[in-house]
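Next come the structures, one after another.
In what comes next, subunit A is part of two complexes: it sits with subunit B in the first one and with subunit C in the second one.
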Partner chain A sequence: MNKVLRNPLAYALFILPALIMYIAIYILPLFSSLRNSFTSWNGINEATFNGLDNFRTAFSDERFWIAFKNNITFVLFSSFVQVPIIIFISIVISGVRKFLNFYKTTVFLPSILSTAVIGTLWQFIYHPDVGLINQLLRAVGLESWTHAWLGEEGTAFLAILITNSWQWFGFYIVLLLSAIFAVPRELLESAEMDGAVGFKKSWYITIPMIRPVILVILLLSITGAMNALDIVLIMTYGEPFGSSEVMGTYLYKQAYKFNEFGYASAISIIIFVFTVLVTLIFQQIAKRTEEVEQ
Partner chain B sequence: MNVKLSKGIPHLFLLAYVFIVLYPLFFLLNTSFKKNMQIDSDPWGLPEPFTLNNYTYSLSNSKIGIYFSNSLFISIVSTLATLGLSICIAYAITRMKYPFLSKYVYAILLLSLLIPSPSLLIPLYRMVNWLGIYNTPLGLIIPYTTFGIPLTVFVISAFLKSVPKELEEAGVMEGLSVYGLLGRIILPLTLPTLVTVFILNYLGNWNEYVLANLFLSNDNLRTLPVAVVSFFNKYNTNYGALCSSVMISITPIILIYSVLQKKIIEGVMAGSVKG
Partner chain C sequence: MKNVKALSLAAIMAMTAVAAGCGSDKGSGSGDSKGKDVKLSLRHTNVRDTSKATQDILLKAVKAAETAIPGLKFELDGVEDTVNRDTKLKAEMAAGNPPKIFDLFGGADTQNYSKAGHLLDLTPILAELGLSDKFLDLGEFTIDGKVYGLPRSGYIEGVFYNKTMFADAGVTPPTTWDEFMAVCEALKAKGMVPVAAGTGGPDGWVVNMIANSLFVREAGMEVQEGFVKGSHKWTDAAVVNAFKKLEDLKTKGYLDSSALALKYAEGQAKFYQGGAAMLMDGSWAINAFEDAEKSKIAGNVGFFNFPQVGGPGDGYINGGFSNGYGFSSHVNEDELKGVKEFIKQFYTEALQKEALLTSNDFPAMKIADTSGTTGVINEVLSVSKDAKGIFPAFDSIVQPKVKVTLETTMQELIGGKTTPEKAAEKMQKVQDEANAEK
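Here is the complex of A and B:
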């Protein structure tokens, strides 16, 4: 047995192809980004070393700050607005017996559609003339409330956040539902006998029991918010006036629109460092609250 | 308090939510059967008259069939490649007797969870150019295949850890080599898990937009998501054609979902739980 499973050639054959591809496409690019981030480079000529210039530019670049702030808004919106609503809806769904499957399948539906489809659909919904929202406002006589939702600085990014919620709510709800249904029945029954019903029961029993999955959801939505790119690219392209820009789209434009590959690489390194930082902070907070609870 | 009433409240609330999820899609469907005149004047009503013109127009005016088969081809090839590479690596690190090396391999794969995809854009773009596969299907197939590897390995490894060793021992008794063990014993056992990760990867590839938009500029190679985004500009004010095109692009996947919802939900979930 051990002899068969100690076969260096087979081990190499199994591991190397995938590992080489993975390192070439995942790990090496990060290093090449790091190297390029210290250069001035238009993608064609030789890159010239310029030290920390790109990072200095980024920190004094107003547009980059807007993008950075939008990423932070995205993270905060996901953690403090989306996640509580998701928990609430999941608990409500878990309480019903009839139509449970119907609810589950329907709410999950947007998660299988592409961001391209969802972005296009919502561009249509937000459309100033024929869009669902403005038509609705006009129908109820609130003409003055109508906006060019994706075309105005004040509303564009919020409109994207709402679309993003619509896209991902169902996915997280189904994830939470499976956790809620894994809570031992006896625990809930004994809580009920002690007088914990309705939301009291959820607050004291269900939520602490599903805490690990809530943390997973938080982490997934935080990294999702940091990596946001396609939905913004599709819906607003960062416009108007860069008001809905995120770091991902800003990087994209610096590279492919302005050929500032050095600067774009520096931004990609900032995104990486920032993602790692946010993840570490999150894990610290998660650990600390666990200690408090115990 | 009236028991029936208190039981009804959650349903009312949930139906409102279901309405928010489904109405935009219904609006799209409804609009796709309307004439452009009516889209503007009567957004809420049912199509009057009911027309299929939008569909015939968008089917004859765009290469939607080509985009569709491009997407299908690229997604299937990448997904199968991911699964093939991943089951080998997962088998090697969970079953073969190199625990020390395997731990490192697993740790390197875990790194992927920290790397934000936008950071990879520029180096990948250069690599694809350098390899001469820019503007070819391979330009997407190679990155897609690789992007799927880490999660797929995690999911398959988690499953393989639960497979009892006795099965392989019996295999060894019968004289199977390590390749035989993988092909004849492990692979059939892993099939249900493979279906799950197939769905997970397939949907990811099928829906990918950013790389597809960057790496393919030839209209005949375009994938569906890139095409859908271009419809919005292409059909400018022809909303009927826009809606019918989007409908055509999502109908197959919605049909498949209505049949295989359970398996699909499980597939999409697989990635997050193990991560």
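Here is the complex of A and C:
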């Protein structure tokens, strides 16, 4: 038996099933997208080669840039608004002694709902006539503050960002909580003896100790933001006037609404490249801050 | 040693999984002596509460076909209409594996799919079943003389109105655009929303029902084909005028201010819940209006033809036979038999009449007797009889790209993001591109 395991072929055999899956559902589609991105193809009839036309179109396409900008906003909102709030709430909850499980369950609840459910739920909340927000505003006499939240350019994308955060809060908080509870008690106690209490304790002890998990959360938020699609499709469909479009929805529409599968493939390649870039940048920053700290 | 055990265990599990995967494929084999087991997938779009009656009719035909051919079994798959048309069916067509029977639209969809060779040529089947001359119009499903789909029902588009609200405001159904605007003003003065519309997000086509009737009124019926042929342009003064009228409707506050925040079904609900006085919609929606359980205006709905503007398209009404069933060309002999039986059982005068009576479906086949209808369908039938003629919706004529661009452009127009002139220029640009692609 041990002899078998020394044979590299045996290992190759073991990873074969996973490798086949990986190639079939990841590598092959990637290359077929790459091939399609150089064609003009309506998805059904024959494709014709058109060189770099699709990429040229994308870079001069105003709507694509709105979508791109929205993805960047999405990333920034996730990193600089959502994640700090998550850290804050996690630390607060971790300090609670009573009903800890109740809080944990409550914040986690949205994560078990599917995006379709959440999107529809929040559509009701944002509904211009019967929605919760507008009804509340009317009840307190702030009629002029009411908006068609998902139907106005100024509010539609923000409304989605808030809903998306709400959906993922619970999942990230539970991740962070487990990290916080794993911080050695002795460390916290000795810090307390040295005079670090409350905010100071969190800032100097807890947060550095849970840093790896925070980085994972940041990375997940960023890639999630780059790949956002379902929630936008359900809530606004990228409208009004393309103002809440993200690259994913724009790709989807080019493929399935406009029948431009070639162009859509080109966009998918661009998204892929951007996501890799953003992730690399993030990892560089993460590495550098680590070095500074050490 | 522990590792070795774990690894071999994993290997065994992986192998059994693979083996199980191989085995399950052959489970559903030969049938009994009564007949060969034939399974036919059938994609329908009767998924809403309001389409229950339509679904019942489909089930009747399915059952009849299953009884006629022992061993035949239909596998029904209900998908929301827009999702089916824009996403699911398209993806299946791209992959070359559509269901054997599926909900299909005439016009560009049928053209693309038949060009790709995925649609069954129904011409010989119709001849065999004696159905060739039974349909009112197969134009939208016919390409080069061959029929590739069969309409389930027809539709007529026009303005539905709430009779109570009209009476309260002291107005009567208008016939000209000026009268229509006056009616809107009177309704608005009474604090009512004159025209409901749910045209946000993916439902840009809803506002296009109004736009479509407007530009045909202004520029005449031939304008729609003219766009594709190049003899007419979106930038023609008549078309721009139509866009101006639509813009007017919004800027004067006659079109619901939340139109862009609502989806189609929500806009429709606003009308049948009594929240708005009028709604531009198709006869397929009558079922929802007359549903006593959900609708507050059941039995109280009126219908009039889109108002006249003093243009060459006056007097016509929008309608067509563009939605029905298509059939996959990838069928074997037994499946083809099942398809034929389905056509035979589904496209009958009796079921067409039943659809008219129970779900207010405008018949797609010539039926001798249309009596027994109640409610607003009667008004729709009589208004369409009085019309000079029927014009098809523009989206069954122009290229898909042009259709979608008009949706977003009209959303921009009523959202105040563009002007009628700019909208026309944008449309013409896309039309030129689409015409050049051919």
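Throughout what follows, the second predicted complex is superposed on the first by the 275 of 294 C-alpha atoms of A that agree within 3 Å, B and C clash if a C-alpha of one lies under 4 Å from a C-alpha of the other, contacts with A are read in each partner's own complex, and residues count from 1 in each chain.
What we mean here is this: a residue touches a chain if its C-beta (ideal position, glycine included) is under 8 Å from a C-beta of that chain, and two chains touch if they have at least 3 such contacts.
Here the structure is a predicted model, which means the values were calculated and not measured.
A.B. asks: Could you tell me if A:L5 is touching subunit B, subunit C, both of them or neither one (first, second, both, neither)?
C.D. replies: both
A.B. asks: Report for A:E152: first if it touches subunit B alone, second if subunit C alone, otherwise both or neither.
C.D. replies: So A:E152 only meets subunit C here.
A.B. asks: Please indicate which partner A:P128 is in contact with in the superposed arrangement: first for subunit B, second for subunit C, both, or neither.
C.D. replies: second
A.B. asks: I'd like to know which partner A:F14 touches here: subunit B for first, subunit C for second, both or neither.
C.D. replies: both
A.B. asks: Quick one: classify A:K257 as touching subunit B (first), subunit C (second), both or neither.
C.D. replies: second
A.B. asks: Per the contact definition in the header, classify A:I44: touching subunit B only (first), subunit C only (second), both, or neither.
C.D. replies: Only subunit C; A:I44 stays clear of subunit B.
A.B. asks: Who contacts more of subunit A, subunit B or subunit C?
C.D. replies: Larger number of subunit A residues touched: B.
A.B. asks: Quick one: is A:N70 in contact with subunit B, with subunit C, with both, or with neither? Answer first, second, both or neither.
C.D. replies: In the superposition, A:N70 touches no partner, neither subunit B nor subunit C.
A.B. asks: For A:P240, is the partner it touches subunit B (first), subunit C (second), both, or none of the two (neither)?
C.D. replies: In the superposition, A:P240 contacts subunit C only.
A.B. asks: Return the residues of subunit A at which the contacts from subunit B and from subunit C coincide.
C.D. replies: Residues 1-2, 5, 14, 17, 129, 256, 261 of subunit A touch both subunit B and subunit C.
A.B. asks: With touch defined as at the start, can you tell me which subunit B residues reach subunit A in the complex?
C.D. replies: On the subunit B side, the touching residues are 10-11, 13-14, 17-18, 20-25, 27-28, 39-40, 43-44, 85-86, 88-89, 91-93, 95-98, 101, 105, 108-109, 111-112, 114-127, 142-143, 145-147, 149-150, 153, 168-169, 172, 176-179, 181-182, 203, 206-210, 213-214, 224-226, 228-229, 231-232, 239, 242-243, 246, 249-250, 253-254, 257, 261, 264-265, 268-269, 272-273, 275.
A.B. asks: Could you list, by residue number, the parts of subunit A that touch subunit B in their complex?
C.D. replies: Listed in rising order, the residues are 1-2, 4-7, 10-11, 13-15, 17-19, 21-30, 32-33, 36, 89, 92-93, 95-96, 98-99, 103-117, 119-125, 129-130, 132, 135, 139, 166, 170-171, 174-175, 178, 216, 220, 223, 226-227, 229-230, 233-234, 247-248, 251-252, 255-256, 261, 264-265, 268-269, 271-272, 275-276, 279.
A.B. asks: Where on subunit C does subunit A make contact in their complex?
C.D. replies: It comes out as residues 3-4, 7-8, 10-11, 14, 18, 86-87, 90-91, 93-94, 112-113, 115-116, 118, 200-202, 204, 257-262, 266, 270, 275, 400-401, 404, 408, 411-412, 415, 417, 437.
A.B. asks: Please give the residue numbers of subunit A that touch subunit C in the complex, ascending.
C.D. replies: Contact set of subunit A toward subunit C: 1-2, 5, 14, 17, 40, 42-45, 126-129, 148-153, 236-242, 253, 256-261.
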